[in-house]
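The chains carry the letters A, B and C, assigned in the order they are written, with residues numbered from 1 in each.
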Amino acid sequence: MPDMMLRTEGLTKGFTLHLQGGLRLAVLAGIDLAVRAGECVALTGPSGAGKTTLLRSLYGTCRADGGRILIRHRGTLLDLAAADPRAIVAVRTETLGYVSQFLRVVPRVAAREIVAEAAIARGQAPAAARAAAEALLLRLAIPARLHDLPPATFSGGEQQRVNLARGFVAGHPILLLDEPTAALDAANRATVLTLISEAKARGAAIVTILHDAAALAAAADRAFPMTALQDAA
Amino acid sequence: MNGYNFAYLDEQTKRMIRRAILKAVAIPGHQVPFASREMPLPYGWGTGGIQVTASILGREDVLKVIDQGADDTTNAVSIRRFFAATAGVQTTTRTADASVIQTRHRIPEAPLTEQQILVYQVPQPEPLYRLEPSRAETTRMHALAEYGAMHVKLYEDIARLGQVAISYDYPVMVNGRYLTSPSPIPAFDNPKLHRMPALQLFGAGREKRIYAIPPYTDVRSLDFEDHPFRPHRADAACALCGSRQSYLDEVVTDNRGGRMFVCSDTDHCASRRAAGCEGVAA
Amino acid sequence: MSDPTLLSARGLRLSFGAIPALAGVDLDLWPGEVLAVVGESGSGKTTLLNVLSGRVRPDAGVVWYRDPDGALHDVHAMEAPLLRRLHRSDWGFVHQDPRQSLRMGVSAGGNVGERLMAAGARHYGRIRASALDWLAEVEIDPARIDDLPRIFSGGMLQRLQVARTLATHPRLVFMDEPTGGLDVSVQARLLDLIRRLVARHGLAVVLVTHDLAVARLLAQRIVVMRRGLAVETGLTDQVLEDPQHPYTQLLVSSVLQA
């Protein structure tokens, strides 16, 4: 299927907690998830169901114990679970966009630069990337006077919107969004939902975690329900 | 000269020093260690130069000794008498008549010839010693020709003072390979080192090093492309012979600030006056 | 990946008496990549840096370096003059204590210029212009070009060391705890500066640090050292957020939230 952007096959992931006497937590078992171009899939389920772990596995942060994570990268399907670190870096730069729940603040780097960096890394000219960054920040209600400031002193909501701008600015073909509407007011929530639908329209495949039922209904094409596994001691 | 071997040193010692000299000539500018002997005068009075002179002196040689260009200062007179007594060689004050010239801190004004040898007394043979206190490290720097640090010194002078502020013992590159101290001669004399027809030997008694610049060797004073080396000379004429080319000493003449400039090379000045040249004080 | 590494180490071993400082370490570094070597004191990380950079010879193992022309060199089989030239040109070393590499009695400009002069620069005006550029790049007021480093603050000294190291445009820089011993606010400024310079000049860096926050900010990849072994290696976020080895889990859980 040429429009298949992301597919997991039997993805399994657990954590061994060596500091707790080697306690073994199984989190994902045999996950088969497939997302096409232009499709938005929402991971749903109770806390502890492994939604964030799955999202982090798709980004390569959590290292899979078994199964495959196929990502359409440079026209072919690449198994992220078997890729070496440098291949993962290339996939993240060109193909995979990720919006975490919290912005990791870099000291002394202005908000505009934090956002533009992602687009520059993906090959945009710096001036165009900065212009795009400013436009996106304004849409997300970050006023121009804040663009030159490092976000370290911003409020939590402002930081999260900078984070969203950074995720959307580069035009990655695959977007992974961890609770993109959490902690946002109604107006900003609407903006994010518009951004998601715009990304879908340009053919992006999106995997997201959404707790907000209205947002889920508005943005997601379908839900991918997850349940917590029994802890295997 | 009863009671002494010819030229004071025993023949074994002379042989040892000659071997060091041969090696030094073979590697221009490279410092060769040698077993410096105790001499009957203190370190700093030319023990290195004396040992070199003693080792190369033959019975037919004519010796001239100068100190800062002058034949009649204490150090020059003592060394000249020393060799007259221990070797019985002929001595002279005339540059052109000498076959061996031992010098402290000057090169004679008159051009030297292939028939002559110039022996320098050297207090500190290591040009890098002010920059790098470790002998082991400077040896390594010479071996690898790492002389960036010396250029840093020149850079600092230009940055602070607008020009290189080394007026004597100005470091040179010998044969494009070894950074070398020319001994504390004025920078004015540095151009004379370059492609000199005479053999130049350098002896450092306390530091136990001998080095050499063979005849017609390239010797470049360190500089920058945009700050080329410029020898400095007092802007005056010799009060006795009127020379505007020679290196001048400033002499204080009274307690009221009176002073005059005279040639530091006494033989040069005397020969000019003998030929009829006159300065304002003559 | 098929593209060639800048630096590769295989089977590095080195013991100090009965203590194995390196007990068989492999490592690869690609051009433009920042690799952090983390671990507690005595884990062998500084020894690893010294062996990689050719300053200390291992008991066994080999370090390969690829020069700008693509030729491979066995670092520990190189002639001393070549290795020293490498350290003055294509390589740089940033010490924790800047006094180890700076000349405290030489002006800031002279310190930066020395690397250029050692590489053969002989034009005063161009050396000075380059020194001014580099001082500006590390945020030292160019008006202080003729000041002696001994009156500089610790943060300025470290930035001067960075300027001096980068003056010859090296491709590979070894850094040993570059922010160690600095105040937190000064650290942040230096880290941000290093981060920008690394990106702008495409530097490859082997960065030794015990500070995971420093590794997170600067490095794409992390190697975790313990008792002379590389117990875990991976992308920075993998190692910090999904640590596998018991020691890495201890290390990650021991720091305040970074």
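Just so we're on the same page, contacts are C-beta pairs under 8 Å (C-beta built on N, C-alpha and C of every residue); 3 or more make two chains touch, one makes a residue touch a chain.
All values derive from a computational prediction rather than experimental measurement.
> Average the CA atoms of each chain to get its centre, and name the chain whose centre is farthest from that of chain B.
Of all the other chains, the one whose centre lies farthest from chain B is A.
> Would you identify the chain whose C-alpha centroid lies closest to the centroid of all protein C-alpha atoms displayed?
C
> Taking each chain's centre as its mean C-alpha position, how far apart are chain A and chain B in Å?
Chain centroid spacing, chain A to chain B, equals 78 Å.
> Where the CA atoms of chain B average out and where those of chain C average out, how many Å apart are those spots?
Taking the mean C-alpha position of each chain, the two centres sit 47 Å apart.
> Could you work out how far the Cα centre of chain A sits from that of chain C, in whole Å?
Each chain's C-alpha centroid was found; their separation is 32 Å.
> Under the touch definition given earlier, write down the residues of chain C that touch chain B in their complex.
80-81, 84, 88, 103, 106-107, 109-110, 113-115, 117-119, 122-125, 127-128, 145-146
> Considering only the defined contacts, which chain B positions touch chain C in the complex?
144, 146, 148-149, 151-152, 155-156, 158-160, 224-227
> Could you please specify the touching residues of chain A with respect to chain C in the complex?
Contacts found on chain A: 15-19, 56, 60-63, 84-89, 104, 106-109.
> Flag every residue of chain C that touches chain A in the complex, lowest number first.
It comes out as residues 1, 30, 33, 188-189, 191-192, 195, 216-217, 220-221, 234-235, 237-238, 241-242, 244-246, 249-250, 253.
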